[in-house]
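Right after this note come the structures.
There are two complexes below, and they share subunit A, which is joined by subunit B in the first and by subunit C in the second.
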Partner chain A sequence: MKIVAITACAAGIAHTYMAAEAVKKAAREAGDEIKIEIQGAMGIENRLKQSDIDDAELIIFAVNISVRDRDRFSDKNPILIDPGEFISNPNKSLEKAKNSLLPKHRSL
Partner chain B sequence: MKGRDIQRHLLTGVSYFIPFVVAGGILIALGFLFGGIYVFNDTNLAAQIFWIGKDAFGVMVGVLAAYIAYSIADRPAIAVGFVGGMVANRIGAGFIGGLLAGFLAGYVVLYMKKINLPQSIRSLMPVLFIPVFGTLIVGLVTFYVIGPPAAWLNTAFANLLNNLSVSGTIIISLVLGAMMAFDMGGPVNKAAYAFALAASDNNNWVPMAAVMVGGMVPPLSIALAMLVAKNKFTEDERGGLAGCFIGAATYITEFAIPYAAADPLRVIPSLMVGSAVGSLVSYLAGVSLMAPHGGLFVFALANKPLMWILSIIIGGVVGAAVLVAVKPKLSEEEISKKGDKKVGLDLG
Partner chain C sequence: MDNEFLKISEVIKPETVALEMNDVTCKAQAINRLAGMLYQAGHLTDLDAYIKSVYEREQLGPTYMGNFIAIPHGKCDAVKAAGVAFGLSKNSFQYETELGEGPVKLVFLLAIPNQMSADAYVAVLARLARLLVHEEFCLNLYNASSYQDVFNAILTGEKLLEDLSNSIS
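Coming up: the complex of A and B.
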């Protein structure tokens, strides 16, 4: 599965980066293709290309603050998960994100 | 609007607000350090440092409101929120008034964005209508409606904190410390931090000292526990020893998270006890710290630097003692087992 994710937290120095690690780890273990944009205290690192966003089958926002440049995702359906939760249970959280997509797929 | 949304908007505002508080708090303290307690009467370099810090403080409530509004209604809400926050600041409604002005600005702009204008004048919305009418509405409502009760609350809050009884002091410091350790950088931790920020906005920096102790104790407790009870931690975990000391010194509580995630029911309460005790000692000793971030690097800015460091050490030792007492011994096998949950920090 092609996944893109954004991580961010209030201080932008620790949770943000740990959540990025957690997402990367979970996605690798599940054999997914993953690209992660980090919105930390130093600004946006590893900014996603619009083509990455458009091609993604799953968009994860592991954030507890608002995502910067939200309009890039205007017609998308990002799944919001708390970064703390992602850090504690990376695999379970990824699973949960994938499951939240299911209803939409069924309706197609 | 759900509770979770409100929390997200608030945290967004706080995340942009923190650097201003850090700049203002530390520069003002440095001004005092170099220029003495009447530095504001001088025109020397120390006075300039002091006034630059004051300028950072002067806009911080505006920034808080601006980015709460931004979180709600995106770019066009920044100016409206900023001005609303400055109005709140001017009438003494402080942190609380700024916060309310920010939410008001966000929802006013969000509503204005939805108004359907004819195509020909649609572009006037973001360049004219929102800045002028949005700001006017938010400014007026902040001044007449939000401001007075918020200013009253702000003063009441300041008076309450400045006239705390001993038992009140004990309760507040224990709760603040425990909250700092509860989720280590998460929303509960940030709520305690916001409390200290609100107090500092009223020129009371005692809660800030206590809260920073509460944030530095968890990684320190874990580091100390790993030193004295090697057989209660896995090899993986002990690999993070240096990181935990760095986390304690730099006030990055998050270094403790992997340990808490691996064994939450034992680790989190132990750390909460340590942080609560540390904050209590700092608060009771009357330590005040005019720096909202920085950890050990800002110890010289505390009014009682040694007492402040002592309270960190006491908290760390207590937390470590509880941790060692409640954690079970691990077998050789478990110690060398690679953790599957551990998510490390690549900062150290």
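Coming up: the complex of A and C.
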């Protein structure tokens, strides 16, 4: 599955990076293709290209603050998951994000 | 962005690793113990000023990361050379912050010189945070019985991160 994710966390610098690593790790283990944008203390790192966003089958916002440049996702359906949850349970959280997506696909 | 910045494996030393922190029962004891090691190892000019900067940082946001991990840090003039102290408490102790608390077994205390750029500072933290997500890394630390074990765990972890960032954009 092609996945893009954004991580951002109010709690601190390190949490944002831990969440990014957790998403990356879970995606790698599940055999997914993943691109992650980190919205942290240094601004936006690894900024997603619009084409990455448009091609993604799953968009994850592992954030507990607002996403910067949210308009890039205006017609999308991002799945929101708490970054802390992603850090504690990377694989389960990814699974949860995929499952939240499924019903909407079915209804199409 | 990672490679130009400080690696944990480059600054950690035998004198700044404590594998027997079972007598530590609270956060203050852990920070005092690890800061004392950084001082003894020549990273600090003023122990009290450094500890004060660690607590000031604690006010800004939690350094308790969940999963038995805490990464307190201080950046101030009392740090003359960047350093990392690592403490292992197999029994765990309670680590309390403004926004929650939990049991901690692995503590990394960072000492960052004031002149280090904000980007480099964040990069060191980011690298450590990334390492700590990998269970293998944490397991290797839990099971460490010597400085060499800790050092090897960090080297292996850093290598893994490099491989990952090369393979996944």
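In this section, the second predicted complex is superposed on the first by the 106 of 108 C-alpha atoms of A that agree within 3 Å, B and C clash if a C-alpha of one lies under 4 Å from a C-alpha of the other, contacts with A are read in each partner's own complex, and residues count from 1 in each chain.
The rule we apply is simple: a residue touches a chain if its C-beta (ideal position, glycine included) is under 8 Å from a C-beta of that chain, and two chains touch if they have at least 3 such contacts.
Keep in mind it's a predicted model, so treat the numbers as computed, not measured.
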{"item": "Simultaneous placement of subunit C and subunit B on subunit A, clash or fit", "value": "clash"}
{"item": "Touching partner for A:Lys25 - first (subunit B), second (subunit C), both, neither", "value": "both"}
{"item": "Subunit B versus subunit C as contact partner of A:Ile13, first or second or both or neither", "value": "both"}
{"item": "Contacts of A:Lys35 with subunit B and subunit C, given as first, second, both or neither", "value": "second"}
{"item": "Which of subunit B and subunit C A:Glu45 touches, first, second, both or neither", "value": "second"}
{"item": "Partner chain(s) touched by A:Gly84 [first = subunit B, second = subunit C, both, neither]", "value": "both"}
{"item": "Among 21-29, 111-119 or 237-245 on subunit B, the segment whose C-alpha atoms clash with subunit C after superposition", "value": "237-245"}
{"item": "Where subunit A meets both subunit C and subunit B, residue numbers", "value": "10-15, 17-18, 21-22, 25, 41, 84, 87-88, 90"}
{"item": "Residue ranges of subunit A in contact with subunit B within the complex", "value": "9-15, 17-18, 21-22, 25, 41, 63-66, 70-71, 84, 87-90"}
{"item": "Complex interface listing, subunit C residues touching subunit A", "value": "1, 60-63, 65-67, 71, 99, 118-119, 122, 125-126, 128-130, 132-134, 164, 168-169"}
{"item": "Complex contact set, residues of subunit B against subunit A", "value": "7-9, 11-12, 14-15, 18-19, 70-71, 74, 183, 185-187, 190, 252-255, 257, 261, 264, 341, 343-347"}
{"item": "Complex interface listing, subunit A residues touching subunit C", "value": "10-15, 17-18, 20-22, 24-25, 28, 34-35, 40-42, 45-46, 84, 87-88, 90"}
